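Both complexes below contain chain A, partnered by chain B and then by chain C.
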Partner chain A sequence: MSSHASKTAWWLPEIPKSALMRRRMLWAYVFVSAPIVALLVFLLGPILFSGWVSLHRWDMLSPVNEMPWRGLSNYSYLLTKDPVFLKSLGNTFLFAIGGVGANTALGLGFALLLNSRIRGRTVWRVLYFMPVITAPLALAVMFSFIFNRNYGVVNNVITAFGLPRQPFLSGPSQALMTLVFIAIYQYVGYYIVIFLAGLQGIPQDYYDAAQVDGAGKWQEFRFITLPLLRPVMLFVVVTNTIGALQVFDLVFATTGGAPANSSMTVVLHMYNTAFKFSRMGRASAMAFILFAIIMLITIVQVRLLRDRTYQD
Partner chain B sequence: MSDHSSPLQPMGSAVKYLVLFGGAFVMVFPFVWMIIASLMTAGEIQLRPPVWLPAEPQFGNYIDLTESIPIGRLYFNSLFTSGLIVFGVLLSSSLAGFAFAKYRFPGREALFYLILATMMIPFFVTLIPVFFIVRQLGWIDTYQGLVVPGLTSAYGIFLMRQFIVSLPDELIDAARIDGASELRIFWRIVLPLVKPALATLGTFTFIGSWNAFLWPLLVINSRELMTLPLGINSMKSLYADNTNLLMAGTAVAVIPMLFVFIFLQRYFIKGIALTGLKG
Partner chain C sequence: MNEGKRGRAIRYLLVILVMFLIIAPFYWIYSSSLKVSTEIVAQWPTLFPESVTFGHYANLLSSSDYPIYLTNSAVVSFATMVITVVLSTSAAYGLYRLPFPGRKTIYRLILLAYIFPGSLLLIPLYVMLSSLNLLDTQLALVIINVTFAAPFSVWLLKAFFASIPFELEEAASLDGASWLQTLLRVVLPLASPGVASVAIFAFVTSWTEYMFASVLIISDANRTLPVGLAGIIGQYVIDWGLLLAGAGATTLPIILLFVLIGRFFVNGLLEGGVKA
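Now for the complex of A and B:
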């Protein structure tokens, strides 16, 4: 793992013998101390505390040591009696599937285009990347206007062609799909850049060899590009899925989960449960359910997509 | 650049440019439309049949805006807090990454595994407890409440460790023989050699905290401490009936950042490709 691979097992302390080495060791502790303390206070401690809270009823105002114990009832309530939670879980899955599928396909497609003989590669890349660095909140405001039912530009164009107005973000059957569109708009540029870097990392020799063997363009793509892009594909699918399952800003600032919870997502429902209704126990249980789902999906994706031999 | 890696080669080049242009149009249009709408009157936006350009550009919208929105204050708060967070993350990540990469000390492996484990914890799992801690500390509606929880990054430590571990040990040993102190070695030898990694981590951290919304929303209440995304959020209700002013405000909040990006795009994109592939 490192140049100083220790001979003893990692859990056994290895105390250096010389005074000089001991002083260096002390410096190392100085260097890691502040970050470690910060991670304990703001990450590790909180996740343990959050697990503890999820087994209680708590409004964050009553003292921590007086929280009434609820066992697993927060979890069972969420999974059997909270229709909004189940709805938000389904919405979040749909949002992630739509976004990840489209971002992967479009990201790879446009990366291939930009990797071919093309003029102005930098300019194209910059244009596609602009939404990536823009605050999700700003995009939410822009698209709420663009998709407005009464005076949004999309509806202006649609009606100019004599077609009926669409509700988009304000329609129960369209809100979630409109959010998926905005999420694709926001992140596709990021995945184009990642795929493009991956494509440029594939050695030219492989393609030269394939040409000697008389392979066609499609065969080159199928048997060289795709297999060699597997690690990049894994990165794109896993990070995009993890991110999409946690969506908050965009939904909060466009629909707020409306209409009729048709675009409610898990983190937004958790936020409302905790900070609007002061049900910290139930909200923490929600967080743990989503966390478990994210870990499960990540493990499955890594197993399916990790590097195997180059033949399927 | 050769064409070999693309199965799209048979596609005529006109079609390629058409597809690229179509995509770019979708990408750029919302920004353009935001600016056009910001120059309309409130009435023009809702006209039927719709108009595509203002009869006369209403530059005054931007002046009206500054009368009710403290734009300068929003920018200061965003710059100040993002700057502190970037500084804290770079310093803590490179120091800890240096220690994990180049020192032997009891518990090193265990602590590093701890960091790898915390890297995978999503923000929403710790949101409630961290909010509780910050409130107990009396930091609600303060800069420290906004900044302190973000000063360390497990991912940053991991990234810096990966870069520093590849630096040759001889370099550090030679400096020690010359009598350089450990801090001096860090500052004068290690840091200059990992500048690309620092630039990448700094860029990521900056974009993240510049655009952050949920945490500031929870911690900050007063207008004096609002960051740009919070400002946009409050404009949403303030200008519910004045989409033109809402668009002007959003434009003021995002366009300068876009220019910074265009100016520095080479570094942005290089860094993103770098960490993307390393991660």
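Now for the complex of A and C:
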């Protein structure tokens, strides 16, 4: 920890203070102002409004200034009296833990196995990205068909081996697991490519030096690869977790939360509460609870994975 | 040496195995969408269609407004792309190339916006856009998609703008180039891989967005492809041929686009995001 680190922001490029640059300062404000105004209008404003609505009862039909005040009762209702919300919270956690865990492990694992020059990189990288650029709704249709109880190809294969048909997305104990599987399919290729790029950014000299010192494969991984991969790991884990905790499209279009809410997630429950049952106050409270959870988890992840070696 | 050769063979096999696993579901959906209805739900599935039929696609065109959805998706995605590129490159230029007090704060704000859970804005943005009388308009979708695509884009552009030496700008300025000329002729061309990946990212984000489109769009004439597809999913009797054709037709344009220019996105993401 040098004092130098606290003065300059390492995450922003340093700009020389020449006369030319000083003349352009005004332009900077012009350029940056549009996105800042957009941020305020489309992020900060709505967040505050949402917080205000969450303290009321509102069906969206009555005017905003006539909403009946409910204090924190929406929150207390959700946390103590709404079994679907608590169930959806548990499901969302399981989905995120399963999906992020598997994607990180598989992504890193495959990347380690593949870490060398491989021909045709352009082709297979683009192919590995295909599930990520496909609309989740189309993926939902694909896997509803593939995992269908009666004529899905997976069940065809299973029964060909003399095993009983599995309900997959229509089974109370299997729906969530099947959704995790689809999420793995969706992202694993993308994370392989990202981890691979991270691995290939680590200078070979480090490994050469470690070999001279007689380090084994595991020690190389533990003391060179993992620490130097921290920024990539941070990106993968944080973005994947934030996305997984908000899973919606996929669940909406495959199970709709069924059977018996066994695959209900927080955002889907929020969506239904708001747009099916017109309970905007309660749905906004859900949004705030999830927001608090996501922020907390993100802060913990950033603390744990932040690149502490950057200053030297 | 032998060990190295075997290792390399295993690596190629792995690359191909993962490629196969990723393509297999796509193959299954597209090949099934060309089968006749009885063959789609047959007890013993066929690897290749016994007789190729485009009936489900014809049905898609006649029973749904697929061409309208396609046009809407294209218009919304294109507009999102253009606006995101203009906004995020100018913001990135301001942030990473120009000195001004408060830029650290603004950079942090943009990062915060990037990790902010977008789905939680569904209700307030819906209320806001409805009070602006923008419900059921494509403009509403463009506004939403730009809002969600721009913060990541600004972040992605950091590495590209940061890697351009300031001496180049100074030299251009000494040669008598105006400030705008310097930006357009020197800085932007050097950052163009980043700009290309931002463009593709914004387009794909917009093309695949469902949640906001499902509540902001009401009339059939304004639906985008994912919303149109949800309409088919929601039908009472499941027509798998129609569903598969719908999913396939929703995905095909973006796959074609990605096969043509996807490498710019992949490279740009890796250069800008991972190696930064």
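The rule is simple: the second predicted complex is superposed on the first by the 258 of 312 C-alpha atoms of A that agree within 3 Å, B and C clash if a C-alpha of one lies under 4 Å from a C-alpha of the other, contacts with A are read in each partner's own complex, and residues count from 1 in each chain.
Here, contacts are C-beta pairs under 8 Å (C-beta built on N, C-alpha and C of every residue); 3 or more make two chains touch, one makes a residue touch a chain.
Remember, it's a predicted structure, so these values are computed and weren't measured experimentally.
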| item | value |
| --- | --- |
| Contacts of A:61 with chain B and chain C, given as first, second, both or neither | neither |
| Partner chain(s) touched by A:197 [first = chain B, second = chain C, both, neither] | both |
| Chain B versus chain C as contact partner of A:146, first or second or both or neither | both |
| Touched partner set for A:267, first chain B, second chain C, both or neither | both |
| Partner chain(s) touched by A:207 [first = chain B, second = chain C, both, neither] | first |
| First (chain B), second (chain C), both or neither touched by A:112 | first |
| First (chain B), second (chain C), both or neither touched by A:218 | first |
| Common interface positions of chain A, toward chain B and toward chain C | 11, 13, 15-16, 21, 24-25, 27-29, 31-32, 34-36, 38-39, 42-43, 45-47, 49-50, 53, 60, 110, 113-114, 116, 118, 122, 124-131, 133-138, 141-143, 145-146, 150-151, 153, 156, 185, 189, 193-194, 197-198, 201, 231-232, 235, 239, 242, 246, 248-249, 252-253, 267, 270-271, 274-275, 280, 283-284, 287-288, 290-291, 294 |
| Chain B residues within the chain A interface of the complex | 1-10, 13, 16-17, 19-20, 23-24, 26-28, 30-31, 33-34, 37, 45-50, 92-93, 95-96, 98-101, 103-111, 114-115, 118, 120-130, 132-133, 135, 148-149, 151-152, 154, 157, 165, 169, 182-183, 186, 207, 210-211, 213-214, 218, 228-229, 232-233, 235-236, 243, 246-247, 250, 253-254, 257-258, 261-262, 265-266, 268-269, 272-274, 276-277, 279 |
| Residues of chain A defined as touching chain C within the complex | 9, 11-13, 15-18, 20-22, 24-25, 27-32, 34-36, 38-39, 42-43, 45-47, 49-50, 53, 60, 64, 110, 113-114, 116, 118, 122, 124-131, 133-138, 140-143, 145-146, 150-151, 153, 156, 185, 188-189, 192-194, 197-198, 201, 231-232, 235, 238-239, 242, 245-246, 248-249, 252-253, 267, 270-271, 274-275, 280, 283-284, 287-288, 290-291, 294, 298 |
| Footprint of chain A on chain C - complex, ascending | 7-8, 10-12, 14-15, 18-19, 21-23, 25-26, 28-29, 32, 40-45, 87-88, 90-91, 93-100, 103-104, 106-107, 109-110, 113, 115-125, 127-128, 143, 146-147, 150-151, 154, 158, 161-162, 166, 169-170, 173, 179, 204, 207-208, 210-211, 215, 225-226, 229-230, 233, 240, 243-244, 246-248, 250-251, 254-255, 258-259, 262-263, 265-266, 269-270, 273-275 |
| Chain B-facing residues of chain A, complex | 1-4, 6, 10-11, 13-16, 21, 24-25, 27-29, 31-32, 34-36, 38-39, 41-47, 49-50, 53, 60, 110, 112-118, 121-122, 124-131, 133-139, 141-143, 145-146, 150-151, 153, 156, 160, 185, 189-190, 193-194, 196-199, 201-202, 204, 207-208, 211, 217-218, 220-222, 224-225, 231-232, 235, 239, 242, 246, 248-249, 252-253, 267, 270-271, 274-275, 280, 283-284, 287-288, 290-291, 294-295 |
